[in-house]
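Please read the structure below before turning to the comments.
A, B and C are the chain letters, set down in written order, and residue numbers restart from 1 in every chain.
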Amino acid sequence: MALVAKPPTREDYAMRRSTSDRLVTLGLALVALLWVGPYLWMVATSFKSLDELVRAPAWPIPSHFRLDAYREVFATLPVWRYTLNTLVMAALIGALQAALALPAGYALAKLTFRGRRPAFLMVMACLMIPPQVTFVPVFMMLGPLGLVNTMTALVVPFAVSAFGTFLVRQALLAVPNELIEAARLDGAGELTIIYRILGPLVRPTLAAMFLFSFVYHYSDYFWPLMMTTDDHVRTLPVAIALLREQGTGVRWHIVMAGNVVLTLPVLVLFVLAQRRILRAVTARGLS
Amino acid sequence: MSLRPTKAFHPYAMLAPTLVLLGLFSIVPLGVAFHRSFFAWDLLTPAEPVGFDNYRFLWSSGELLEVGWRTLAYSVVVVSASLTLGLALALALNREGRFYAFVRSAVFSAYVVSWVAVGLLWLWLLDPQAGLVARVTRGLGWTPVDWLGNPKVVLFTLAGVTVWKITGYAMVIFLAGLKDVPRSVLEAAALDGAGPWQRFHRIVWPLLRPTAAFVGTTSLILSFQAFDIVRVMTQGGPVRSSTIFVYAIYEQVFVNLRIGRASALTVVFFLLLVGLTGLQWRWWRNRPRAKTTL
Amino acid sequence: MSPSEAPSRRAFALGLAALFASACDRPPRPSGEVAFWFSYGGNNRKVLLELIERFHQEQSRVHVVATFQGDYFEGLIKLRTALFVGAAPTITHVVGEVVPYLAQAGVLQQLDGIGAESLADLEPALAQAGTFEGGENEPLVALPFNRSTPIAFYNRTLFDELGLRPPTTWDGLRDVARRGGSTGTAARWGFECPVDWWFWTALVGQAGGRIIENGKVTLGGTAGVRALELWQTMVHDDRTMRSPPGRDFNAWEATNGDFLAGRAAMIWTSTAFVRYLEEHASFSVGAAALPGDVRRAVPTGGTFFVMPKGLPESEQAAGLTFLRWMMQPKQASEWARRTGYMPVSKAGRRELEDSGFFREHPNFAVAVDQLSVAERWPWAPSLFRIQREAVQPRLEAAVAARLDARTVLAAACAQSEER
């Protein structure tokens, strides 16, 4: 079994024909099936009718491809409204995180001032405080202010990412001071330096941050579930999860149709931007 | 090394939004939770101070220990399984070729898809009557396991679904880690007659160990924070057998309207996370240096 | 795109998004608009939305915006959250057990404004007065809409084949469950029932007990123990009843599903599912009253309309207009006819009787007849905590693992006492 990275040499191709290698390939095909199969099952179910589900025939492919389930999803849920809510929320969070991390990261990486160390420690300490710890008190704090059920409650608590700030600081540490000094001599103000000069320099970091946070918050269920009750700020994952809670009997074709609506954009984005997403994830992992 | 700010207030202005927001939404809430944990409050009627009663209840009713152990069991299964599987897949898939790229993408895609989608999907797959899993089991002539209805099984079912979702993450990090393994050394070892297992054991694993520590501690902390999958798939049941930490907090706030008790649980939960993070940082000190700078 | 242009364009996009976001923030309710949160899914949801549609056709002053909020318990969570943050809808509906709690917390609006005429037409046993002991002495805060009782459904085709009749006593229940079940390849439970507070309460009543006796939480005393033990016996000794299939509505869905698929000969569930079961079963569905033990008894269930306190007068009035319309005989009887909930209007019920509906649909009549043995809930603010915190979470474990019923209920009693 070729356990370990090697450039594919001629020897390798020879080995591929060996039995153990064929077993590995077979195993990997099974693995692929284990991950792709559920998606296919989801799609197949979404085209079935309730009767077909109740009868549960052995053959997994629907007898007719029906769009009824999709029609029902779009008829009972304002899908576009929810999608827009979700997109706006995720985009605002991603953009704010990048926009606020730049100046903070710059100050922490490049400037001398009293209190720099405590400020940095505070950012690092906040890494330990996930939303799962803060949701109860934040809910109690926002409630009396009339902010629960608002886009503000969905976005502002995530406008700053402690980890993002840390990442940007790390990236900016690698930028030579001379560059900034030269810009200052040219008469550039600090805002220009931050957003016009340093921003483009650490663009890959910012892009990775944005992408990661966008995908994360687009799919987030936890925070919107806790912070909203109202339709006008409901996000797609919360709405789709509600499809299941009908009280009579679960109509799985409809739930799965909703699930396809929820999943498809993400999977498409994943296929299109796979390399960037991978970079964002490994960067989070290893930097 | 560092630059002098052009105006003294500049750095403070640059940091202000970040520090204010972090303070408001991370640090102040901790204080609020701590304060509220000494009250009995149902959101609707005035709060009453009760001293340490909330903590005492969590301890004496056994809720804290039960929830704690359950969370730990879930996390241990999730971490060990996703780590092992992720490593095996990374080793097997660390090659060129479309087939391998496809398998890598397939496994990793689950990490990108939302927890709600994964929860609903597996709920349907594991449906005891019409679900695909039960059908296949029956087709093979076996009795289907009641994956979500049996209190002894359900926690592991949830762990299994979690592993399905996050193994791609472990795999990807391991694949990145494998890039640090010098090929020349491996080739030399292969020429010296070292078999695959020996090569792995002697060369690859020592180099990957810090990566493994990192993935392990990270997924440990993340699995301690699991909620969505419980909320979507089991609502903590049957018989509370899948009520893990964050779900228990949620239940106290929103189902039972016991804000004080939820706050006390939150405080304990935070302390646990601090402990785990301490563990993580101990491991992290000998982390691999990033090759992929952003 | 030149570099200087890029940030400004991005800023523009960001600004646009922020504008949209602020548009999402708490729109004031336009006058004449009624925000209505509901918890019905499937067919019942369809019927409700059609009724609202008709309401809009008949008049144009009041516009109802209906939002689905998940099942009862999820909806209740949302309501309490919204009450706390001051974002509650004009109207929502809640399970009966929580009404005294919300009333005592002082968050509910008095609803006398609906008018004497509407109130006089309400079916007494289903209205606040008849549902709660002393409910008539409390300010009127809850109006009935979808009310139900537990009921037994049996596979009539199968029962005819086996020569079985729906049981009228507990012994009869065990006997029918034994004879209605089967093992082997086409395994079938003789009896299935969500192990839920509601059905346990029915059994407690039948065994002659009450949840609260003389102002003290007793959970029925020996009657409560006997109720729990009946389930334990049927699950573990007789092996005729399916072990708890899950929590809350998971259990209800599983029970309905098993019945429809022919995997359960007889089930207990809510009258609300008459339509659903009749329409989806491939066999003839029969409905029967629950059996009795020392006496016959059923609790009532379903939900009441409530309105949060402190709404602007005009919004209250708009909400009441809608409720008044919903409680008119025509709507009340249509809702009952098309779902299986009980008609809350006396005239509406007469209408169904006169039109011969009950004769044609005897299953619907069973529920209405059973109202004669319906018991009242105590008007106790602690009732919903007893239900959700003390009893409900324990029942499942007690039945599944056959814990000592006396110990379990003693623990539940103790927890009911704490505030």
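One rule holds in what follows: a residue touches a chain if its C-beta (ideal position, glycine included) is under 8 Å from a C-beta of that chain, and two chains touch if they have at least 3 such contacts.
All values reported here derive from a predicted model rather than from experimental measurement.
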| item | value |
| --- | --- |
| Chains touching both subunit A and subunit C | B |
| Label of the chain whose CA centroid is most distant from the centroid of subunit A | C |
| Best-connected chain pair, where connection means C-beta pairs in contact | A-B |
| Geometric centre distance via CA averages, subunit C-subunit B, whole Å | 37 |
| Separation of subunit A from subunit B, taking each centre as the mean of its C-alpha atoms, in whole Å | 15 |
| Set of subunit C residues in contact with two or more other chains | 81, 84, 257, 261 |
| Numbers and ranges of subunit B residues touching at least 2 other chains | 43, 129, 254 |
| Touching two or more other chains - residue numbers and ranges from subunit A | 54, 139, 143 |
| Interface residues, subunit B side, partner subunit A - complex | 1-6, 8, 10-15, 17-19, 21-23, 25-33, 36, 43, 89, 91-97, 99-100, 102-103, 105-117, 119-125, 127, 129-130, 132, 135, 139, 164, 169, 172-173, 176-179, 181, 183, 186-187, 190, 196-197, 199-200, 203-204, 211, 214-215, 218, 225, 227-228, 231-232, 246, 249-250, 253-254, 259, 262-263, 266, 269-270, 273-274, 277, 287-288, 290-294 |
| Residue ranges of subunit C touching subunit A (in the complex, touch as defined) | 3-4, 7, 10, 14, 17-18, 20-22, 24-27, 39-45, 65, 67-72, 74, 78-79, 81-82, 84-87, 249, 252-253, 256-257, 260-261, 273, 276, 280 |
| Contact set on subunit A toward subunit B in their complex | 1-8, 24-25, 27-29, 31-32, 34-39, 41-42, 45, 53-54, 56, 58, 60, 100-101, 103-104, 106-108, 110-113, 115-116, 119, 122-123, 125-130, 132-141, 143, 156-157, 159-160, 162, 165, 167, 171, 174, 177, 180-181, 184, 190, 194, 202, 204-205, 208, 215, 218-222, 225-226, 237-238, 240-241, 244, 252, 255-256, 258-259, 262-263, 266-267, 269-271, 274, 277-279, 281-283, 285-287 |
| Touching residues (chain side subunit C, partner subunit B) in the complex | 73, 77, 80-81, 83-84, 102, 105-107, 244-248, 250, 254, 257-258, 261, 263, 385, 388-389, 393, 396-397, 400-401, 419 |
| Touching residues (chain side subunit A, partner subunit C) in the complex | 50, 54, 76, 84-85, 88-89, 91-92, 95, 99, 139, 142-144, 146, 148-152, 155, 195-196, 199-200, 229-233, 242, 245-251 |
